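Encoded as structure tokens, the structure appears first; notes follow it.
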Amino acid sequence: MPTPATEFGYVPDAWTERHLLDLERLSAEQLRLILDTAVRFKAATDGCRTKLPLLAGRTLANLFFENSTRTRNSFSLAARRLGADTVEFTASGSSVSKGESLIDTAKTIEAMNVDVAVVRHHTPGVPHLLGQALRCSVVNAGDGPHEHPTQGLLDIMTIREHRGEISGKTVALVGDIAHSRTARSNIWGLKKLGAHVIVCGPATLVSRRWEELGVEVAYHLDEILPRCDVLNLLRIQFERQYTRPFPSVREYALLYAMNGKRMARAKENILIMAPGPINRGVEITPDVADGPHSVILNQVTNGLAVRMAVVWLLCGPRQLQTTGQF
Amino acid sequence: MPTPATEFGYVPDAWTERHLLDLERLSAEQLRLILDTAVRFKAATDGCRTKLPLLAGRTLANLFFENSTRTRNSFSLAARRLGADTVEFTASGSSVSKGESLIDTAKTIEAMNVDVAVVRHHTPGVPHLLGQALRCSVVNAGDGPHEHPTQGLLDIMTIREHRGEISGKTVALVGDIAHSRTARSNIWGLKKLGAHVIVCGPATLVSRRWEELGVEVAYHLDEILPRCDVLNLLRIQFERQYTRPFPSVREYALLYAMNGKRMARAKENILIMAPGPINRGVEITPDVADGPHSVILNQVTNGLAVRMAVVWLLCGPRQLQTTGQF
Amino acid sequence: MPTPATEFGYVPDAWTERHLLDLERLSAEQLRLILDTAVRFKAATDGCRTKLPLLAGRTLANLFFENSTRTRNSFSLAARRLGADTVEFTASGSSVSKGESLIDTAKTIEAMNVDVAVVRHHTPGVPHLLGQALRCSVVNAGDGPHEHPTQGLLDIMTIREHRGEISGKTVALVGDIAHSRTARSNIWGLKKLGAHVIVCGPATLVSRRWEELGVEVAYHLDEILPRCDVLNLLRIQFERQYTRPFPSVREYALLYAMNGKRMARAKENILIMAPGPINRGVEITPDVADGPHSVILNQVTNGLAVRMAVVWLLCGPRQLQTTGQF
């Protein structure tokens, strides 16, 4: 039986990227490589429970200029499952408040010999900017409403895990599409892998122009529901909205909440997903969230697997090529 | 000489609990098992200085919905002394502020494959609620004024360490009994192990109804002092009080502060304890806090030992039964 | 080839200090010992990239009563490169806000078996006070405007690395001397190693009385510039000033900013340093900060090396003498 280090000590030729900035620029082959690697990591670590110290001595830095609990901890745990060290930077209490430029802050952190910088910022494009300025790898952990690639990957991994190949599946993203980086990353990833994607929500949150990305636009959940293999219920991000996009939460729930009544009219094996944190009673009712079709907590676990795969692909194999050892 | 892993690689039959939620429900036998394990861990690690990596690959999560420095760090260090990883969650900056329910937050953290969740919350019963909702182990690190079981255990361990068996000892808890989870955990633990417990403080902070728990209620420290083997001086928790329970700090100190004058009238080998942080000049004067009878800092070190024992009992031996290896 | 543990398993006789509180009290020999050890650590760890687990089982605690990102993370990473554990204490959310005395807070942390306490506080002398009260080692990570010894050491290490011996070099510290602990630590360290030190800035920030420390005082950068081997450009610390020390940032930059025009009149191999975070356009222009003479990011990396050396000297060799093993 091969040791884990041997098992993973290969160099995937398909992976040549230094950063993971978005899913828009990745090929289907690259997406599959990350997903396959995540599946292998999950299997090799008893479901991301045990350690696989392939990256001992490496350092991952979390640079979160926006609050986050789950994503930050997920990256941190993924890194430590691989034996890497982690450092945490937060905007408050950092030198940003002393007038330092964003790039200088990042370069200073890099100069502490960080291998992977995980960046979250409310301004779209910040991870891309840092990717140009830094020599280390950059992972976008959410840049405003633009992309959140590891969230898209973990959603897709969860669909594959429960329903097999993505190609031909109909996946609806329901809710606050306008402010959702999760929606964008899902759309790019799912489309490249051959899914039919529907974005569905109130007209104030779902523009017709989404059709330009090759997705179907719908305004009535009940109309599209019977066709859907997967529903991904996006949280209404009240904190990103300047105006109220619908008259009341009650009205939103009436039209778009996934509840037991709607479940009865859905496909028998419909998969219910949500990136979380969920607002119970808004986009999803408790019976559905806790029901047999829900894979919301599986998504969280798969987040570890996807992040282990991403961090390893970004800093593992390339280094292996350089040093010839593992 | 046995390796530590061998030395601790036994399955204590007496321990079948999945959680440590309070001392009220533990038997004397279970209390002694934790205390004995803590003593063995302390001895095996040069007083909790060296590592004993029995729990490599396990993860402890600190879920503190109330501020804490010492307890959080004590659990974190205890886990790392055992080779486990730790993740930190704080209420501020977490998804709680995005409208997520407490149980969903906890389940999400659990889905990152956390083995032990250490919970502090200002509402009594929250750890118990999470213990029902989660499959991982839950340790109560303080739930409002209810219980703080590891504090009770470390206090009792410190008494045993310095004065031998608990049975027959007279232990007085002095001060802010009404708001003190430390008092409740001490009372349950000490009573089960055969101590005589006195609660002593101003009538506004010490109700006659404490007698229902089988403890003696006293309002004058000077009257009970000559009988006490141990004084545990509880901090006046100004931050938990809505009204002022006594006219002035000076009056409180006059009646209840342990000072040199009172030490002269106490038993020759009286043990002075305080859960800390201490308010010098309020419940204790500096000469007593820093004097030869004070074991306040020993309590802190024993906190590591007790938490190592608890974390290991909760996730170590049971896992050992499952996997058959260590 | 010797293993790292063997290579570093010697006892430097010159090092007998328990704390690193300031550079004022260190001898030239002690300074060189730290610097030489830092150079060896940097070489042995591929530029502070790989681990050298000489201090496995030891614990470093960061006690920061002032905000800090880079210094705190630098100490934390240095400790983990050496295999030590780290714990983080911050003033907010700690028991300091419950009325605990500073020394009691520190003693409580020490009682968790911390080996090295790294202390930052806005009051000068706090690390010295704690050094007297604690049995563990204390490192001053900045005490108000007094000293910041590891910053001085990393600056000096960077000069040595790029320009050889310190003796005979002319080093100018430019800017906000009055509020700068970096200036004080640089002055003590550089003078002991034989450099000529100039402090230069507006008269409101540079007193004539600095001459008492044996340094040259200058008020016009352009006058001293041709003589300087090294410029260390100190940040204007707006957050430490109660009054405005100069009419405008623009006027300050006009007189003291290092820019391309001034570079043309400087020595050909002048070294440009800044402790960071830098204010681009204030004390330094972007072309100089990012130019070939700038070693600002090298300083950050050398910070890891110096802190590894300091932490190891404080707790490594002495322990080795006690236990006779490594």
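Which chain is which? They are A, B and C, in the order written, and residues in each are numbered from 1.
Here, contacts are C-beta pairs under 8 Å (C-beta built on N, C-alpha and C of every residue); 3 or more make two chains touch, one makes a residue touch a chain.
Everything quoted here is computed from the prediction, not taken from an experiment.
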| item | value |
| --- | --- |
| Type of subunit A:subunit C copy interface by residue overlap (half), same or different | different |
| Rotation in the CA alignment of subunit A with subunit B, degrees, nearest 5 | 120 |
| Separation of subunit A from subunit C, taking each centre as the mean of its C-alpha atoms, in whole Å | 39 |
| Residues of subunit C whose C-beta touches two or more other chains | none |
| Touching residues on subunit A, where the partner in the complex is subunit B | 47-51, 67-70, 73-74, 76-77, 80, 90, 235, 238-239, 276-280, 297-298, 300-301, 303-304 |
| In the complex with subunit A, residue positions of subunit B that touch it | 56-57, 59, 85, 87-89, 93-95, 97-101, 104-105, 107-113 |
